[in-house]
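Got a structure for you, written out below as structure tokens; questions coming shortly.
Chain nomenclature is as follows: A, B, C and D, assigned in order of appearance, with residue numbering initiated at 1 for each chain independently.
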Amino acid sequence: MSAPLNVTVWNEFRHERKNPAVAAIYPTGIHGAIAGFLAPDAGLRVRTATLDEPEHGLPAAVVAETDVLVWWGHTAHAEVADAVVERVRRRVLEGMGLIVLHSGHYSKIFKALMGTTCSLRWRESGDRERVWTVAPSHPIARGVGESFAIPVEEMYGEPFGIPEPEELVFVSWFSGGEVFRSGCAWRRGHGRVFYFQPGHETYPIYHQPEVQRVIANAVRWAAPTVRIPDNCPNPPPPEPPV
Amino acid sequence: MSAPLNVTVWNEFRHERKNPAVAAIYPTGIHGAIAGFLAPDAGLRVRTATLDEPEHGLPAAVVAETDVLVWWGHTAHAEVADAVVERVRRRVLEGMGLIVLHSGHYSKIFKALMGTTCSLRWRESGDRERVWTVAPSHPIARGVGESFAIPVEEMYGEPFGIPEPEELVFVSWFSGGEVFRSGCAWRRGHGRVFYFQPGHETYPIYHQPEVQRVIANAVRWAAPTVRIPDNCPNPPPPEPPV
Amino acid sequence: MSAPLNVTVWNEFRHERKNPAVAAIYPTGIHGAIAGFLAPDAGLRVRTATLDEPEHGLPAAVVAETDVLVWWGHTAHAEVADAVVERVRRRVLEGMGLIVLHSGHYSKIFKALMGTTCSLRWRESGDRERVWTVAPSHPIARGVGESFAIPVEEMYGEPFGIPEPEELVFVSWFSGGEVFRSGCAWRRGHGRVFYFQPGHETYPIYHQPEVQRVIANAVRWAAPTVRIPDNCPNPPPPEPPV
Amino acid sequence: MSAPLNVTVWNEFRHERKNPAVAAIYPTGIHGAIAGFLAPDAGLRVRTATLDEPEHGLPAAVVAETDVLVWWGHTAHAEVADAVVERVRRRVLEGMGLIVLHSGHYSKIFKALMGTTCSLRWRESGDRERVWTVAPSHPIARGVGESFAIPVEEMYGEPFGIPEPEELVFVSWFSGGEVFRSGCAWRRGHGRVFYFQPGHETYPIYHQPEVQRVIANAVRWAAPTVRIPDNCPNPPPPEPPV
């Protein structure tokens, strides 16, 4: 039996407290919804953290013991303290997994790890989305099927300002005519990063089984295999000099 | 002034001779249409070759002096002689560029260079296609714009059985609900390979300016920088033994 | 408890029967040595297959039930029947893992999956090799350490005629002055392919614990997650036409 | 005739002013040496910039008109103002090329674009280095040959904390037993980034023809094809809603 995986679900948690329509969909917050569907997996030990907690709920001890961090943010990316972003970034590079959801494409942590703009095309016009599995044998696609529809979603379209994904898992179709690389995986340092596009706050997308399945798969896929702190060693030669 | 680039446009040239509807769209053949829009570029020396010529129009001398080969085939992939396929493959690995169009995804040469099934989802239902530029700064996308529509096209959809593209340039949307990685680039040996999806024989797609622009850009992008025959050298050590 | 993984270790098995020096190092053949160090893992069900058995020990039933195939060949690549190569290639594309060792770089199956020359620089001069872990968090590097030495090995050097590895795990140093990408990983279709350079027949390299560790890790890493036969579907549109 | 390329060679320029031994090797500074060997190319318009100039010689107007920026820094990375780093980063993402040399691996700009630690193994022990061309057909390797030696160099060894290079062009061998991915290329946004390891300040490495050739090739390769400012558009649907 291996030890359970420590998963921390982070949410900005502002929409839910200001907008009753959002609160109606996510009464315990988006973090509560995500933690809720992950919780039944006995191999996971799930906690949540939110922006307005001290240190955004991510003090050094929590980050240190987190194996996989799930991130949802939207209106308050700028309020996330740079020191916390740097702490999370370092931890990813040491081996922690990071799952970035939807509007988290513009979070400081995602932009810091990608190095690019992370900009995209968008429209809140109630488009229908169809998510296609491009890599059916990728662990994150397990059990997801060839494609699935999200009845109403914010449109995110190309070009998406990211480095070329190392593994492109999902590509989405929107009824207004756009496409989007909606499931993208990278290794960064010793950690794994997965970006997954579905999940606007005003739609019940995190209650949809296929979306839950992808997130649960991604958490498992991103589980660390090592913990290697950054170092820049200055060792003697391993071979006798020529 | 650099020497002109030798471009050979290869076409199966069967549909045009059997089906008057195809002949009406491409009276000089698909190869004729492609050679026709490339010809005005003074930097290119364009010739054509077709399946039913001796050695499919690709004898050793032609392949040896070709810098970039454009390939269109559909119903007669199996009739292309293995020896010619191997000759072309070797030449690509030495540095020749290869542009594979539409149903060429199932050509022997493309499958041999990719190593995978190259299978895809398809449907002849007159879908509307919208081609999105995912990599606006890629040389193949120069002047193409954010997206363009193809009014009627055969649907090609994911999953597409290819190795992860090294550079994903275009992704397409189809009105029936599918998406497709419609512009994909790889280096193979010392040559460059570009697959471009548009171009069914029963639609006038190679008369469309955006499609012509992409193919012309791809020919330039795939121009060889070297010619390095395969070798497996057995040299003495460059450094004094330890 | 998950079902054990079916591992087939394939060996050309010619050197050992012709050359007493090789037989002294590998009395049960290279396949016997590899199967021997994998066997203690209760999660693996290991069998062997060799060139001179009927269908090279790889009839359809064996290939169908193999999860991971390990491949060692050298002098008789040309004797491997094309039909068997094609059978193995199809199975990899469906999801089977393939571990190609040392001189297997020139096997038909590796060349067919890569699409390139797979040529390299080489020298039998008793070089010392040092294998460096470039990706310490890759599952194949687990427990291997920063680097390890192979006291005497055939030199394999760059350029190596392969597609850019998707994950470069090891790079080797040779005392004569060369370097080599000695551990390279790719996904091909639904299968995973790993090439690992160490292992000349006249040196006891497969008795070295670090080499055994890498091969055992690679077998685990290459375990299939799916089995998806090739198909090229022609489905109706998933979305109502626009 | 295309317009000349605007190249800015940036140097920290501290070692040369403090250490007479460095000044003896590079009397006009490392920037002066690099600008000097690039200058004869009539297609380049070369200027230099250094840390202690106002805004480090990189005011907005200079960055805006620079096509390719070459970067050398070592002891004073921390003194480079964050605002200037961000200005350069934005410009790279818009299309400017960036060539990062040697100890620049730890510069703020390289780390910001990579998102990773950029740490490595190192030793100042006068190792001999041999640089191997892994991708002989890459434009940056043009005319460089199979390998070349640098008689005395600081050792840089793996693991190198970078994202997987999109194109690995050079790998180096060091006499003490290490290897290093010494020439690595990435696209970031619309710009191209190349890291090249040779060039310690106390060795006359930038006077060596092969090294000059690589840097000149890299400048040409990194020339922008576009200039696309960051944007995150909110357009109407291109297709009529379903």
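Keep in mind that, in the parts below, contacts are C-beta pairs under 8 Å (C-beta built on N, C-alpha and C of every residue); 3 or more make two chains touch, one makes a residue touch a chain.
If you're wondering where the values come from, they're calculated on a predicted model, not measured in any experiment.
Annotation: A-D is the more contact-rich of the chain pairs A-B and A-D, by number of C-beta pairs in contact. For A-C, the matching interface among the pairs B-C, C-D or B-D, defined by over half of the contact pairs being the same residue numbers, is B-D. Per-chain CA centroids place subunit A at a distance of 32 Å from subunit D. For the pair subunit A and subunit B, the distance between mean C-alpha positions equals 37 Å. Counting partner chains per residue, subunit B shows two or more touched chains at residues 128, 130, 135-136, 147, 164, 166-167, 173, 175, 177-178, 187, 189, 238-239, 242.
Against subunit D, in their complex, subunit A makes its touches with residues 89, 93, 112-117, 119-123, 125, 127-128, 155, 161, 163-164, 166, 174-178, 186-189, 230-239, 241-242.
Subunit B makes touch with subunit D in their complex at residues 95, 128, 130, 135-139, 142, 147, 149, 166-167, 173, 175, 187, 189-191, 224-226, 228, 238-239. Contacts from subunit A toward subunit B in the complex involve residues 130, 132-136, 146-147, 157-160, 164, 166-168, 171-174, 177-179, 181, 239-240, 242.
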